[in-house]
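Next up, some structures in C-alpha cells.
Both of the next two complexes hold subunit A, though its partner changes from subunit B to subunit C.
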Partner chain A sequence: MRDVPRQITLQQWDQRYEQMQKARIAQPSYGGRLSRHVEDGDERLLKLRYDNSAAALRLWNFLLTEEDRLREARDRGKKIVGTMKDLGTVPVMAYSLDDVVAFYPDGAWWIPCVMELNAGLLSIADSLGIDESFCPVRAMLGAFLTGAHFPIPELLICSVGATCDDFSAIAQRLDGLGYPILWWEIPHRRQAEPGEESVRLPGGFSAPRCQVEFVKSQLQRVRKALEEFASQHLSDEKLSAGIRKANQVRRLLAQLRRLVFTARLCPMPALEMLIAEMLAIHFCSDRDETITVLRELLDEVKGRIKDGTGLLRDDAARIFWVNPVADLQVMNLLEDCGGRICGTEYLFTHALDAIPQDLPPMDALAQMALADPMVGSSADRASRICAEIRRFHAEAVVISRIPGASHCALEGQVIGEIVQAELDVPVLEIEVPSLTDSITQALRTRLEALVEAVRERRKK
Partner chain B sequence: MICAGIDAGSRTIKIVLVDAGSMGVIAKGLTDQGVAQDRLTSELFDRLLKDSKIRKKDIRKIVATGYGRNAVSIADTTITEITCHAVGVRRLVPDAMTIIDIGGEDSKLIRLDRSGKVRDFAMNDRCAAGTGRFLEVVARRLGVDVPRLGEMAAHSRNPAAISSMCVVFAETEIIGLLTAGTPVDDIVAGVQAAIAARVMSMIGRKADLPIIFTGGVAMISGMDRALESALGQKVTVAPDPQMTGALGAAILACNQVA
Partner chain C sequence: MSRRVPSLSKTIVYSCPYVPAEWIAAHGLQPSRIMPDPTRSSAPVGPVEGMCPYVRAFLNEAINDKQACGVIMTTVCDQMRRGFDVLVRRCEAASFLMNVPSTWQNFAAQNLYVDELRRLGRFLVRLGGKSPTPDGLAEVMLEYDAVRASIRASRAYLSARQYAESIAALGQEGPSLGGKSEIQNLKFEIAPRLPLAIIGGPLMWSDFDIYDVVEQSGGQIVLDATETGERGMCGPFDRRRVREDPLAELANAYFGGIQDASRRPNSELYRWLAHELAARAVRGIIFRRYVWCDTWHAELQRLKEWTDLPVLDIDVVGDTDTERRRWQNRIRAFLETLT
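Showing the complex of A and B:
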C-alpha cells in the first residue's frame, strides 16, 4: 500500500492503521497502532511527525516494543547481555551465540525525551550524584534501578579507555550499585610510529599493529566471558557467521543511506533515518527482524525514487548532521525549517562499514572496534566527516552537541574549523537537550538562518 | 513602490520603510517591546505611515525579522535576523566582513564572504552575559540609566575584573566590589570588558576585517573599545546600529518584489 509520501501525526497514523487493517495488510507480531505506545507513557510521540509508509510504521513499532521482546526472549529461556558503550562490536559476538540476546542499555538516553521526563530517570541519576553535568545517558542508571524499561541483563559488558569520561563515570556508578560489569579496554587510536607496522582499518583510519593485537586480546576476554555465560563454545565459524549477518544489516543501511541522501527528492524523513541507522549498533534486540525492517524501508525508498515521489521541497537545503539528538523532535524541526538530511555522523559511522570477512573473525572485530571515530582524535573524525560531506554533496553542517557529553565539549569546534577550512561550507553548532520545547524558537532561528545561508550561496 | 522591514527584537520593535526603486530609506521608527507585541508593531507601523503621509496600500511587501518575527501578523513573510543584519550592514558598510550584533537578550557573530553572503554565524541567546541585559542589570544595581554607562566607563582608569560569566553571580560580584570601595566607573568598564570577552568566545579566532558592530548595545559608548580591546582588532560601529536588522528586512522585501 504505497500512498503519496508525506509526514503525518500520530492521530493520522491511527486512522491510517485502521485503513491498513481493513485492507488486511500483514503486520508483524509486534505491530499495531502507534498511539498505544503513548498509553505506555511515551508522550513525546504525540508531538512528532512520521513518515506515512507501512515500512516506517514497522520501524517505529519495532523500536518501541524492544522491552516487550526482551522480556519475551527471557521468558523463552534466552539469556540477555547488556553491551554498553559499544558501538557495534560486542553485539556481533553475542548474536553469534545461540539463545543469547544483546541489547544496548545506553539507549535509555532517549527515555527522558520519549517520556517527556515523566519516568523520573534523570531525578534518580541526580540522587546518585550523577547530575546534569553528565550526558543524558545517565538516565540509564534510573532505568536499571526501576527495572521498568528493560529486563536487567544477566551480563553487562562495557568498553572503557578511549571512551567518554562521563559515560565511564556513569557506568562505574552502576557497577558500584551492584550491577557488576565486565570491562574491556579500548585504547586511544594513534598512527603507527616509525618502525611500527601500520594496519589500515575499515573506513580508512589506521593504527599500529600492537593496538590491534591489544584490542583483540581484550575481545578474547569478552569472548571467553560470553562462552561461560552462554555455556557454549563460540567458534570462529560461529563468529564468522555472525559477522556475515551483521554485514547484511550494514549493507542494507549503506544502501539506504546512499539512496536517501542522494535522491533528488527526499524519500525518507530524517527521523526515520536516525532510528534506522541506530539499528546498526544493537539490532534493537533482534538481528533477523532488523534485516526485515531495513529491507522494507529500502523497498519503500526504492519505490518512491522510481515513482519520482518524495517528501519536503525539492530545493531543501542539504544538511550534514553530526551527533544524534537527545530530542527527536529536532529532526522534524530541521525539515520544517527547509532542510533535509544528506549525510550523518551519529558517532558510529564505523558500524555502517562492512566488517572484513577475509580476516580471522577476532582480527576483523578488533579492527572494527579501533575504527570507531570516537576512539581517535577529533581531527580523524573530522576527516571522515569531510569525506562524507563530499560524497553526499551536503551544503551545510549542523554539529549537534549533547549537553554534558564530554566528547562534545571541544570536539564540535575542532570539527567545525576543519570542515570550514577544507570545504568552505557553513557550519552551525547547536546544543540539543532531552526536551527542547523551551528553546524551540532559538533552535528554529538558527536552523532557518542556516537554510537561508545555503539558499543565498546557491545564487551566483 | 515601498517595502517595509520590521525587526521585532526582544527589547524594542524597529520598522524601516524603503523605496524599492532608489533603495533609499523613507522612514524609520522604534518603540519598546511589550506583551502585546503584535498590537505594538501595528501601532508603530500605522504611526510611521501617518507621519510619513504614506497610505497602507502603497506598501508592497512587509518582511518581519527578529526574535518575535512570527508574531507579527502584518508581515507577508519572515526572514531570520542573521540574514537581515547581514544585508542591512552590507548596505551601510559595503565591505563589511564580520558583524557583531549585541541586542537586548542575545548576541550574534556573523561572518560574511566577499560577496556579502553569510558564511557562518554563532549566536548566544541562552545566557544573559554577553547581551544588553547584562548592562541593564548593572545599571539598575548602580541606580543609573543605561545610556550613561558609556560615559561612566570612559572615566575609568582601572577597569574592575569581573570574573563571573553569569549575570546573576556577576551582580553579586558587583555588590562586593561596591562594598570594597571600587569606583563605579571602574565597575562599569569591567562589565563592558566582561561582555566583550563573552562575545570573543563566539569568535574563537581572528575575525576578518572590517568588523562592524551593530544592535542596540552598539549605541552605548565604550562598548566598541571594549570589543576592540578583547579582539585586538579594529571594531567600527554601524551607522544607526539599532536599525540594521529592520533595514535588511526592508531591502530583502524589495528584492522579493523586484
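Showing the complex of A and C:
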C-alpha cells in the first residue's frame, strides 16, 4: 500500500527520508536528504512544497546533483558540450557519441530563483551591461564567469535565427568574452507555398521541404563539429540508436503527462511535472538515469490512479500553462489557489514529441528542430495550445510572461486572442520574475480570480 | 523634407535594410522604406510592456498605410518577427515575412538569403509585379548604385541631417524621386566641429533632430552607423558581376555588405566600425538604442570595452518631450566634456 499522496515541506522530507533509511529503502548514488542542497545555497528549496513519494525524491535529487554529475564526467575524461537555445535537438546527437555529455547552460536561468539571488550571477550580468531588461537567462553569463555552477564546456553550440533576441544577444556577449560559439541557423518556420512540397513535422506543424533540407544542412555542420570534438565518427546507426533512446524518454513523458493531466484526482503536483518535462531536453546529463527516474515517477502515478488517490481538491480548476516560470514557487501557488495543471507548453514541446524513426536520422532531427514552437508564428503555437487544451479538457489558460524576454511582449496577446476565439476559455497573462515574494499577494489574487471564473463557468 | 509621395505604381513598404529596394523596383513595383513617425499615426497597436517602440511605430505605420499593397518584414530581430504575427491579424495589405539568416559564414546561409529573395519575387508577382529579366534587374541595380554613389560622394558637402535625409529619401522614394535632385542643390558650409559617430538601430522621422542638436552643441556626425544611415546602405556593386549574375551580386552586396549587431557572430560589424572610426577621425560615439531592443543594448558595454573613445548611451522609449529634453541635455553635456 502506498503512502497517502500529499505535498510536504523540506523539513518534513528530511524526517521522511530518515524513515526511509530506517526501512532500508534503497537510494541511488546521488540520493540523500533534500536539505543538503540548501547547504549548497539552494535556499528556495526551503519555501517549496514537494510531492511525498520516493519517486519525487529521486527526481529532485537527480535534478539538484547535475553539477556534481558534470564535474564527475569531466574527471572521468568525458567531453562536455554546451548546447544552447535549441532545447532538445543537439543533445540527441551529442549523446549518440561515446563519452560525450551535453547540457544546456541556458538552465542557469533558474539559479537566481533556486539560490534566491545569493549566487550574484545577475550582478555579474549587470556588470557586463546585460541588465534586468533582459530575460533571467542572463544569469548564464555569471555562471560562465564564475565557473561555479557547471564545468565550462569545451564546445559551445548555439542555434540562432528564429530565436529570442535576449538569448542571441547574451550568447553573442559570451562569444565576445572569449567563449567561442558554433552558431547554426534555424529559420523562421513557415507554411509551404504553392508549388512547394509540404512536410508534416512531429507534433503537427508543417514546413516546406526546402526548410527541412536547410536545417538538415545546418545540423550536418553541427554533426561534423561534434565528430571533430569527440574524435569519433557519428554514424547514422549511432544517431538512430540515440534517437531511439531519446524516444524512450519522450514516450515515458507522454504517458506521464497524459495520465497526470487527465486523471480525476491530480496524481502528481505541477512542480514535479515541470521538472520531469525538463528532463527531456538534455536528460539532466545522464540519459539512462533519466529513463529510470521517469519510470519510477510513472509507476507512482499509475499506482495512485489505480488506488484512486491523489492530491488537491477534486474540483480543482483545470489550467493550461504557457511558458515556464522563472520562480518555481508559482507552481505551488497555483495549486494553493485551487488550480491544477492540465496541459503545458513550456517552450519545448518539440522535445516531448517522438522523433520519427522511419526516416534517415538527420532528416528526423531536422524535422524535430523545425517543430520547435518558438521558431514558428505565435498563431502556430496557439493552434497547438488549443489542440492540447481540448485533449486535456483544460478550463482556463495562464500565459506566464518571462520578464524581459523578447517573445513575451507580443505573443501573449496573439495567443490569448486565438485561444479565446476558438475555445472561449478564460485567459490570464501574468509576469513571473525569478523571485515572486514581493508580488505573491498580487499573483494569488489574480490566480484565485481565474479559478473562481472557472468555477462560475461550470455552473452555467 | 518630403514624406513618401503617392505613386502611380503599386507601393510595397518595408523597413529592414536587408530588403533590397532594387528587387522590388525591378518587379515594376514602388519600394518604400517606412520611416515611422509615432507623432502622426493613430495607434492601433498600443504600448505594451517590453515592446520595442520602433516595432510598435512600424506596425502602426504599416497598418495605417492605405496606399501600400504589400508589407515586407524580416526576421532580423525577434520583436519584428513577432510583430509580423500582429501585422497579419490587423493589416489589410498582403504581408510577407522574409527570413534573413543571422549566420553568414557558410554558403547555406547565403543561399537561403538568395532563396528568400526568389520567394519574395513570387510574392511580388502575386501582387501584380512582373518577374524581372536579368538585364532588367541589372538596369535597376545600376540606377540605384549611381544614386548611392552620388549620395556617398556628397557626404562632405552635406550636413549630417541632410546626408541622413538623402539616404532616407532614396529608401522612401527610389532613385527617380529620391534625394538626387536635392543633393545637387544642397551646399553646406561645414565649420570645424568635433567629429562624432552615431551607432545603433533605425531612427524614426522625429529622431532626425538629433543631428541638429549635435551640431548646435559643437559636434558633427561624421559617421552615421545607424540602420537608417550609412551603415544600412549596401556597398557599391561590382559592375561585371551585375552583368553576369545580377541576383547573386544583389545578394552579395546586401547580405554580405551590410553589417549589423544581429549577425552571429557580429565580429564584422566591429571590423567595419574600426575602419570607419579611424578613417573619419571620430572623437566620440553616441550610442542610440531603443529600450527593449536587446540586440543593440547588449552591444553597449561591449562597445565601451572595445573602444578607447568616449561613448554616450542614449536610450529612448518613444516620442515624448521629456525624453527629448533628456537626450538633448545629455548630448550637450557629452560634447562639453569632449571639448
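FYI, the second predicted complex is superposed on the first by the 459 of 460 C-alpha atoms of A that agree within 3 Å, B and C clash if a C-alpha of one lies under 4 Å from a C-alpha of the other, contacts with A are read in each partner's own complex, and residues count from 1 in each chain.
As a convention for this text, a residue touches a chain if its C-beta (ideal position, glycine included) is under 8 Å from a C-beta of that chain, and two chains touch if they have at least 3 such contacts.
Since we're looking at a predicted model, the values are computed, not measured.
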**Asked** Aligned on subunit A, subunit B and subunit C: do they clash or fit?
**Response** fit
**Item:** Partner chain in contact with A:M93 - subunit B first, subunit C second, else both or neither
**Value:** neither
**Request:** Please work out whether A:R457 is in contact with subunit B alone, subunit C alone, both, or neither, and reply first, second, both or neither.
**Result:** first
**Message:** Per the contact definition in the header, classify A:D175: touching subunit B only (first), subunit C only (second), both, or neither.
**Reply:** second
**Message:** After the superposition on A, what does A:Q441 contact: first (subunit B), second (subunit C), both or neither?
**Reply:** first
**Request:** Measure off the angle at the C-alpha centre of subunit A toward the C-alpha centres of subunit B and subunit C in the combined model, and quote it in steps of 10°.
**Result:** 70
**Request:** Please work out whether A:V222 is in contact with subunit B alone, subunit C alone, both, or neither, and reply first, second, both or neither.
**Result:** neither
**Asked** So, A:W184: does it touch subunit B (first), subunit C (second), both, or neither?
**Response** second
**Message:** For A:Q413 in the superposed arrangement: first (subunit B), second (subunit C), both or neither?
**Reply:** both
**Request:** Name the contact category of A:L256: first (subunit B only), second (subunit C only), both, or neither.
**Result:** neither
**Prompt:** By residue count, is subunit A touched more by subunit B or by subunit C?
**Reply:** C
**Fill in**
Across the superposed arrangement, the tightest C-alpha approach of subunit B to subunit C, in Å, is 5
**Request:** Indicate the residue numbers of subunit A shared between its subunit B interface and its subunit C interface, in ascending order.
**Result:** 413, 417
**Asked** Given the complex with subunit A, which residues does subunit C contribute to the contact?
**Response** 48-52, 75, 77-79, 81-86, 88-89, 97, 99, 101-103, 105-106, 108-109, 112, 115, 119, 122, 262, 264-266, 291-295, 297-302, 304
**Item:** Touch list for subunit A against partner subunit B, complex
**Value:** 413, 417, 420, 424, 426-429, 439, 441-442, 445-446, 448-449, 452-453, 456-457, 459
**Message:** Applying the document's contact rule, which stretches of subunit A touch subunit C when the two form their complex?
**Reply:** 128-130, 133-134, 158, 160-166, 168-173, 175-176, 181, 183-185, 187-188, 190, 193, 210, 214, 217-218, 221, 377-379, 401, 404-411, 413-414, 417, 431
**Complete:** As the complex stands, subunit B meets subunit A at residues 67, 70, 79-83, 117-123, 125-126, 204-205
